[in-house]
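Inspection log for the structure reproduced underneath, given as structure tokens.
Letters A, B and C mark the chains in the order given here, with residues in each chain numbered from 1 onward.
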Amino acid sequence: MNSSTVDVRTAPDPVTATPGERARSVPAPTPFRRVLNVELRKMFDTRSGYWLMVSIVGLSILATAAVIVFAPDDEITYESFATAIGFPMSIILPMIAILAVTSEWSQRSGLTTFTLVPSRGRVIGAKATATFLVGLVSMVVAFAVGALGNLVGSALLGADTVWNISFETVPQIVLGNLVGMAIGFTLGVVLRNSPAAIVGYFVVSLVLPGILLLLAQVRDWFEDLQPWIDWNYTQVNLFDGATDTAREWAMLGTTSAIWIVFPLIVGVWFLRRSEVK
Amino acid sequence: MITVESLTKTYGSFTAVDDVSFTAQPGRVTGFLGPNGAGKSTTMRVMVGLTAPGAGEVRVLGRRFKDLPDPGREVGVLLDASAQHAGRTGREILTIAALTMGLPRTRVDEMLERVSLTPDEASRRVRNYSLGMRQRLGIGTALLGNPQVLILDEPANGLDPAGIRWMRDLLRGFADDGGTVLLSSHLLHEIEVIADDIVVIGNGRIVAQGTKDELLAGAGTLVRSTDGVALATALTAAGITARPTSGGAVLAEAELARVGQAAFAAGIPVTELRAAEGAGLEEMFLSLTAESQRDVTSHTDPEGAAA
Amino acid sequence: MSTATLTTQDTAPVTARRTDVRPAPAPTPFRRVVNVELRKMFDTRSGFWLMASIVIASVIATGLTIILGDREDLTFDSFAASVGSPMSIVLPIIGVLAVTSEWSQRTALTTFTLVPSRRRVLGAKLLNALAIGAVSMVVALGVGALGNLVTAAINGTDPVWDIASSTFAQIVLANELGMLLGFALGLLFRNSPAAIVGYFVINLVLPGLSGALGAAQAWWADNAGWFDLNQTRFLLFDSTLSGQEWVQLGLTSALWIALPLAIGLRLVLRSEVK
């Protein structure tokens, strides 16, 4: 069979051929702002992305309406509305964060994304920034819808509008939601698979707390340790606006390091070396 | 220009690409030819940084792909036309590519027209695209940044005959304009029609490379009879170096008249007698295909000859 | 070349006759479809690990119970509860993916051309899902029983077997219902992420919402059992159900499982497979 090999290795000398190259100036490097802009757009431009975004507004309104209809009169307060809206937010926002990352793999659009911007770290950075921005804007929308609900609810009741969330609490609630998004984003980077990351998120956010709580109840040594490793514990504190002392911030720091920073670093390390197919 | 130097990529004990070196020159179309699973796609993925090489290096326009400042403006890539978010419209896919490259939106409409996607088709979601439409969209994405180099993996897949013709003309024009084109194919005929230079890969190794003329020039005569082995024996007896291939065909290293004479003298009826233009390449390619044991070829009918 | 092609047409009748003579093959038996669908649940890497995770999760849950629980008080009931918790997540996900993977991985194109009756394919999938659910529960409780024995050996006491076979059956039923819910959502959405989110919302989020509503509205607190699937389904895990509770379970299952299953089935039977 080898005798059939036609071997005519007389490729033209590369140097002599180079003049044929069109003389062109090298383009400017892709600025980060452009990558960010594109990644932001990609979160909205599919039907599923669009409906996820719409559902933020839709569910905020639904939750607000539910409070007006079902809550007892003395609980028509801003806190009730914020809590009710926070519920769907705490699920949708992490899903948005997960899908922002995993869709590049599950839909294989990563082939185009990473050939147009070969630095995967920059793409992931842009995605993280875009996710962060979407989270911030969603929270503003959620608070606004809640405020509107509070005004409408108290007007229907003919009572005074109760604004019982302090301005110090608001940033903590926003931060709490961003923590949830960061957990989702991290799972997306580590697992790079939509179903797995979604299951993962529900497990660490809804199943794990129960287990850790149980553990804290039966084992004394864990009771003191729990706030330092249970990210839900520190997130709930944020939602309650109860992260005040340096110690509590330190707890938030360690849970974030364990559940977000460390896995994210490992995940990005693998992601940058993985084969995109 | 694309320079591949001693590229090797292994997966466990399997060597997908084995010490591959070649150059794709500007102003020329380089055909990357090989049977299914020969390592073409892996080589191309390494080229554009989607797969890390095990050893060796690829330089595009003198730089590693990841060092290109804005790759879309210099290198157009189409690896898999189906690898797109199915929920985006064709126009949206070109728009996000244009935004990434910092191109004006008008470029999107220009490109849709250039790849013959109607506004109606462009506003449909890719989920509902035929393979040919996806291929056109992919070629559009590759051309969008007005690059100097094109890297296309099986771009003719799914295109209709008119589409294949359109793509050929497009690539020819691109190369004549001084651009570098590297396209892969498993069809010899397709490569024959479009390429100036050919690189043949089989089982991860380069088995032949050179200009098309050199490779196809393969001297000698192809002669066919009902019994190829007997014919080859007879020719050898007549002092001609001859090698039976398949389907009763024999490759003989002598000019037409002398081979015909020898066959006549031996009393063997000849069913075909012609200059073996490219037959060597054809045979080599078929034997490569046979080695990969996907098909057992019983007849020398090159896949491309039917097209 | 072209002459060669023309001459072969002389032999064409031979091939034509062959198709005439061939007997129609026997219809694909349902058993074969079931077999193939069962195999398809294991033969991918994700499928394999999902199945493996049933055993792994049971072992981890049992291990954690032994290590972290108060060993003196551990009975079979404790182990059954701890292995049941991961099962209530893994099994419905298996139910979801059994359906959605046909669409997300586009294997439906092959599946429904080889067996055009989608009803039969889905029936086979459902049967397999339920069978896997039952086997998984036996495996999980088996691992739990092993844990109970180990604990007894460590304590040097007799193992306590405090689960009646009726409770055992109830636990299996509860998990099969969860699996059915996942299956129904898979049919309804035909999209893995959406169906999975849907399952977790119904299973883990709605109970909280229902609780909050019950706290605010006395009427809901009294009557939620007629609407909220989880109320009666969760009762299956640890108590004996009254006649009314069984009726509630039936009603809520019809509302949350049978209805989406019927709608999803209708959608699948009519949808275009792409």
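Keep this in mind: a residue touches a chain if its C-beta (ideal position, glycine included) is under 8 Å from a C-beta of that chain, and two chains touch if they have at least 3 such contacts.
Just so you know, these numbers come straight off a predicted model, no measurement behind them.
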{"item": "Longest centre-to-centre distance from chain B, chain (CA-based)", "value": "C"}
{"item": "Chain closest to the middle, measuring from C-alpha centroids that were averaged per chain", "value": "A"}
{"item": "Chain centre separation in whole Å, for chain B relative to chain A (CA means)", "value": "43"}
{"item": "Distance between chain centroids, defined by C-alpha means - chain A, chain C (Å)", "value": "29"}
{"item": "Whole-Å gap between the CA centroids of chain B and chain C", "value": "47"}
{"item": "Where chain B touches two or more other chains, by residue", "value": "none"}
{"item": "Sites on chain A at which at least two other chains make contact", "value": "48"}
{"item": "Set of chain C residues in contact with two or more other chains", "value": "none"}
{"item": "Residue numbers on chain A that touch chain C, as the complex places them", "value": "48, 70-72, 75, 87, 91, 95, 99, 106, 193-196, 198-199, 202-203, 206-207, 210-211, 215, 218-219"}
{"item": "Residue numbers on chain A that touch chain B, as the complex places them", "value": "1, 3-12, 14, 17-18, 20-22, 24, 26-31, 34-35, 37-38, 41-42, 45-49, 103, 107-112, 114-119, 273, 275-277"}
{"item": "Complex contact set, residues of chain B against chain A", "value": "1, 3, 22-23, 25-27, 45, 48-52, 61, 65-66, 68-75, 77, 79-80, 82-88, 92-93, 95-97, 99-102, 125, 141, 148, 177-180, 197, 200, 207-211, 214-215, 218, 243, 280-281, 283-284, 287, 291"}
{"item": "Complex interface listing, chain C residues touching chain A", "value": "46, 64, 68-70, 85, 89, 93, 96-97, 104, 191-194, 196-197, 200-201, 204-205, 208-209, 213, 216-217, 220"}
